[in-house]
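Multiple structures follow.
First subunit A sits with subunit B, and in the next complex the same chain sits with subunit C.
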Partner chain A sequence: MSQISRSAPSIPMLLAIGIPIIIALGFLPRFIGLYQTELLIYGFTFAIAALGFNLLLGYTGLLSFGHSAYFGMGAYTVAFIVRDLHVQSMELCILGGVLASLVISAIFGYVCVRHTRIFFSILALALSQVLWSLAFKFFWITGGTDGIRVPRNRITLVGGLFDFTGSGAYQRFVYSYYYYVLVIFLIAVVIMWIIVHSPFGKALQAIRDNEVRAGFVGVPVQRFRWLAFVISGTFTGLAGALWVPLNGLTTPDILYWPFSGEIVFMTVLGGFRNFAGPIIGAISFNYLKVYAVAGSQYWQLVLGSVLVVLVMLMPTGIVGTLGRIARMLRRG
Partner chain B sequence: MNPLDRRSFLNKLTVGAAAAASGSAAYFAGPRPIQAAYKPKGNIPDKPFKTGHITFLTGPANLLGEPGRKGHLMAAEEINAEGGLLGRRKIETILADEAAGTDANVKELRRMKLSENIDLFTGIVSSGNTPALGPVAEELGVLTLFNDGCTDFLFDKAVPKPKYVFRVTNIQSADGITSAVGAAKAWPHAKRVASLQPDYSYGRNVHEHFMLAYQKLVPGATSVSEAWPKLGTTDFTPHITKLISDKPDILICGVWGGDYVAFYKQALRYGLFDKMKVATTLAFGGQPHAIGKDHPEGVLAGAHANYFFTFPGKGRWPINDSFVERYYKRWNEYPSFEADGAYTSLYLLKAAVEKANALVGGWPDDDAIITMLEGMGIDAPSGYTYIRPDNHQGYKDAVIGMTKNDPKYEFPIWDPESIITIPIRDITAPPNWPKPGQGHNESTAAANWLKTTWLT
Partner chain C sequence: MDTLIIQTLNSIFYAAVLFLIAAGLSLIYGVMRIVNLAHGTFYALGAFVSAWAVGAVFGASSTGGLALIGQLLILPIGALAIAAVGAVIEPTLLRPLYGRPEEYILLVTFGLLMILDDVMKLVFGGTPLSAGSIMDGMGSIRIGGLLYPAYNLIVIAIGIISAVGLWAFIYRSRFGVILRATSQDRRMASALGINVGRIYVQAFAIGCFMAGLGGAVVVPAQAAVLGMGVDALILAFVVIVIGGLGSLEGALVGALIVSFVRTAGIQFFPEIELAVLYLIAAVVLLIRPTGLFGRA
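Here is the complex of A and B:
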């Protein structure tokens, strides 16, 4: 597998690219309207999940087919907190969701990282299905396939500063939640950037490229894989927690294996060999699925064809392909 | 309730085929002769009236989704042929696939309202989806006529005080209770009950309400076997062998759509139908031709407590005769309860719009249309349908019958001798009966009502 990034871009260069994008994102809702804003929030939450997922796939070389478990864990924990503990503060909900997904990914990760390749993928898949069947079968707790509703008017943001009752609550929610998620998304991006460019991140890449050599130079292979797994699961759990109030309810669908497949799809779509790939992939996948479902009853065929084209013609995903085109143009 | 013995109680519940389709409304679902066309008051814009319709376009549930789509489109075509709503606004339909899953449906409903700016939302088959979409529709303020997804949970809990959301087909608890009444009448000595239900809210609702009603009507009835295949199951073999080995007298089956077709074909091979009586809630719920002539006779075939095209029979309810004829001409197949529901939904809307226009003139706003829909009755192909104002739920008399092959059709129909209708007020909680959480913790208001008032 080729190296993810030849050398980390310098900080001033990153700021030069990042700050205009952040400013543009800040003004975007004024121009694109309520519905597109909402779609973007979905995109950001999925981007956090894919970013976490890619720490395992792109940087550690482990393909997890069970990341629905951590997304779902974050989502269901928030739903339980709101429904049963009557907590209103979104920050407390997020804290709960993140902690729960951290615990569950620590346990599942402990089992999974003993293996690599297909064995790892299948184990991760199997464990995620355990959570799915619990959510599916214990309907008196989880609501079964009806799921659990998380009404917006029961949630407040920033320690009760923003609440969403009364008229126009839906509009107010979408516009304030956009900035709320955007900030958390940016923090998540920065943290992930630091992680993958830290010595720990480099060690993960060494494990990915050659675990025997990595072991010889003193990298604790299994422990680092486990740590990567826990960080990855926790990021995905954070995404799940943010997703619930947006969607309004959580159902076992997000714990089921096809959703794990969607997270893989997002990452591959954007390109798992570079840092920004999963972000672009997740946002694009969200649009792709929404408009495929809206546009045609053959939406599965559309998604399938995109995947085939992707694997055959664009194995490095959107970002990788764009990079290649840019390099070709530069060379003239 | 006066103390009644079980037999007279049971007889009182069911009306039999003779007294079908009583009641009559000023409005009916179907095209009108030109001279009877409504003359709208005031200025009506000719802007198209956009409807969003989500139903199962793919997968095993398409057996129910397809007739819904066809019923909706046919009503839209008929209304458009008269010039549209109030003679001006042509109905346009945006379709989307319910099989994309609950979360995708939620997103799609938002897209339809916020991006396409629909005037009306209709459709939805699955009871897993209406409780998710109902609150979203209320939040968006989009007038909604669900034609199915009939779980009691929607108006009992998810949207207890609906403003924009209505539902046309019968309430779900009526399914299990109707099958229980039909089964108790047909097989009063079948005490060992087995249950085969899809593992989601519909299956649990059928199981619970069937057992509640059946145990009241057949003293000593007990549940001896339960099987809960996941919705969308294609291999029923393990469930079938389990059911047979538990030796029940009667099986209550709430499996539907393509799942039911797979089930009965596999059950035939194991001789399940010879070993027990079988009562269903949705055997006749899909497209009629989905069930083959290999289907056994004498099975209690539910049609969602609602509608099967051979009833009301020819010459007894002209609205149904002409609906079946036009539907067959348009689609080259016979309609199902979903077709009736989706078709009636649009005509209900049309009636409400005309009634509101007669009062206020011009194009009525949503509030005026909603006020007219509340308490509105309409003569539909299936009979008299009434929208209760307290919970926005449609009610009509429940109907069920036994399967029988008829040389006239390529598929089994109801044996006309066996059809029973049950006045809906006899099997559902009356208006303002306490909802779950208001002094009782039953799963539905109907369950509480049944427990506390039947043969106590």
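Here is the complex of A and C:
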């Protein structure tokens, strides 16, 4: 049995751990400066993507190698809304991005969940590459490899309360966007927590562990897989929508399949048999990648080696390994 | 009419290269149930090694019949080098993971892809490498009113020879029988005294050899560039999904379908040329999950 079903911490215990972390995160930007704050925002957006991805891998037992599609769908939709509809409100942009990724993951998911195991992975990958090739080829709509710029000064937060024009706009953007993304991230975490601990979430884990038995006790296996896929894709789409204004640009790279691989990497780095794993994994992966890229032009070599060593020696990821060490210390 | 013949030849040339890559990928999946995400990178590595070897031995400006033959003989070094790489990787990185869920092997091969991508950059530099002197040295032949490079016909011949050779190897040789037995029931094969570990290394090395050969034969016609592996892998996936995972005939038919659709696509619907290929793969996977030639 996995750790997920064994230990569901009680609500007071969660609050006791969660509230100090949230308070600490609230004060953090005062101490770490502009650049580190920006890195942390990237980490939060990827964490939302990985959290969504893990509903499929960790809880339903389906490895999607095509989640770049939903991240990219969220990102490109926001870019289209800003560029073509001249909408400034970030909330409307997010709504659009989430709806678009919901629709596309509902369609792709409907096709993909007819298969499991490696067939599922390849099908998800093939479909995601349809979107990539369209973004790549229809350059008069998508800008091709140049992508679409999403200028910061064209966006306002919380219904126009915050705008980012004039002097010091960049600083103001980073600090207010930090809290903006943090709040959405926390909401996403709570929603995902509720989903995986609901009867629906338990049913998904039953499907993962033994789909035949799950079917026998009356779980509609295929429909639940589809629902999990849609939720998963929508979370990843939300992440893409939040990522775009921060990055200022969206390119086909985020639709290309190696980016799907990065989402898988994040989740495995943190540990996919664990609720917090993808969150820790995504934030760590972001730091790892940024510093590997800054430190060496051979950053792929660094990341690839980390992945290989991780899979060979620490298959339960950071969170799983820390948990094991904690248990060993407690016992001995 | 001439254009049609040339486009057909181009498609077959392209199919020959794609078949070499996809057959290796399919063989490895068929015997070991491993989806090797680094397979396209092996193809790229083969191209780099061959181009480098040809350039290192003959320099950029050697001409004449003897030099040309020498260059052609050196070209397969890329394939042999990749086979050796495969023979090292399987026992060290993949074998420890056979007992674990298949996701882990997929991830290790993804890590391998990233590592090898940068190793190529480190060793061969970021600039494209080509063995174009072979292509130039062989000249061209006249088809109707148009000229066609003679080297492309050699690639087509290599593709056909490889297909026949691989078929004979798998279906007509003693090793092929053992290979098929291992792929159908690993435990039973092991109980009958077959050294499964050795078969796995050999199968993986042969699969890698095919990818390296694909790279080696393509490099006189197209320069080896960084990133060519990632693109090639997805097309090879499309090929084996259409043809059937683990099927040799499937790889052949799939390669032909993909290259003819692609050639037609570039001619008539360039914007959705790639999207159509991925959609065909998705539709085949939906209607016949085991592909056109695959068995469940």
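Going forward, the second predicted complex is superposed on the first by the 328 of 332 C-alpha atoms of A that agree within 3 Å, B and C clash if a C-alpha of one lies under 4 Å from a C-alpha of the other, contacts with A are read in each partner's own complex, and residues count from 1 in each chain.
The criterion applied here is as follows: a residue touches a chain if its C-beta (ideal position, glycine included) is under 8 Å from a C-beta of that chain, and two chains touch if they have at least 3 such contacts.
Note that this is a predicted model, so its numbers are computed, not measured.
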{"item": "Subunit C versus subunit B on the shared subunit A, clash or fit after superposition", "value": "clash"}
{"item": "Contacts of A:Arg149 with subunit B and subunit C, given as first, second, both or neither", "value": "first"}
{"item": "Touching partner for A:Val290 - first (subunit B), second (subunit C), both, neither", "value": "first"}
{"item": "Which superposed partner A:Leu249 touches (first subunit B, second subunit C, both, neither)", "value": "first"}
{"item": "First (subunit B), second (subunit C), both or neither touched by A:Thr267", "value": "neither"}
{"item": "Partner chain(s) touched by A:Ser232 [first = subunit B, second = subunit C, both, neither]", "value": "neither"}
{"item": "Subunit B versus subunit C as contact partner of A:Thr60, first or second or both or neither", "value": "neither"}
{"item": "Subunit B versus subunit C as contact partner of A:Tyr35, first or second or both or neither", "value": "first"}
{"item": "First (subunit B), second (subunit C), both or neither touched by A:Trp257", "value": "second"}
{"item": "If touched residues of subunit A are counted for subunit B and for subunit C, the larger one", "value": "C"}
{"item": "Subunit B versus subunit C as contact partner of A:Gln129, first or second or both or neither", "value": "second"}
{"item": "Subunit C collision site on subunit B, chosen from 25-33, 97-105, 259-267 or 403-411, when both complexes are overlaid on chain A", "value": "259-267"}
{"item": "Shared contact residues on subunit A - subunit B and subunit C", "value": "136-137, 297, 299-300"}
{"item": "Partner subunit A, residues of subunit C touching it in the complex", "value": "35, 37, 93, 96-97, 100, 102-104, 106-108, 110-119, 121-122, 230, 234, 237-238, 241, 245, 270-275, 278-279, 281-282, 285-286, 289"}
{"item": "Partner subunit C, residues of subunit A touching it in the complex", "value": "57, 63, 65, 111, 114-115, 117-119, 121-123, 125-127, 129-130, 133-134, 136-138, 256-258, 261, 264-265, 268, 297-301, 303-308, 311-312, 315"}
{"item": "Residue numbers on subunit B that touch subunit A, as the complex places them", "value": "57-58, 94-97, 100-104, 106-108, 110-111, 114-115, 128, 131-132, 135-136, 139-140, 153, 158, 199-201, 204, 230-231"}
{"item": "Subunit B partner contacts - residues on subunit A that touch it in the complex", "value": "33-36, 38-39, 42, 136-137, 139, 144-147, 149, 151-152, 169-170, 247-249, 251, 253-254, 289-290, 293-294, 297, 299-300"}
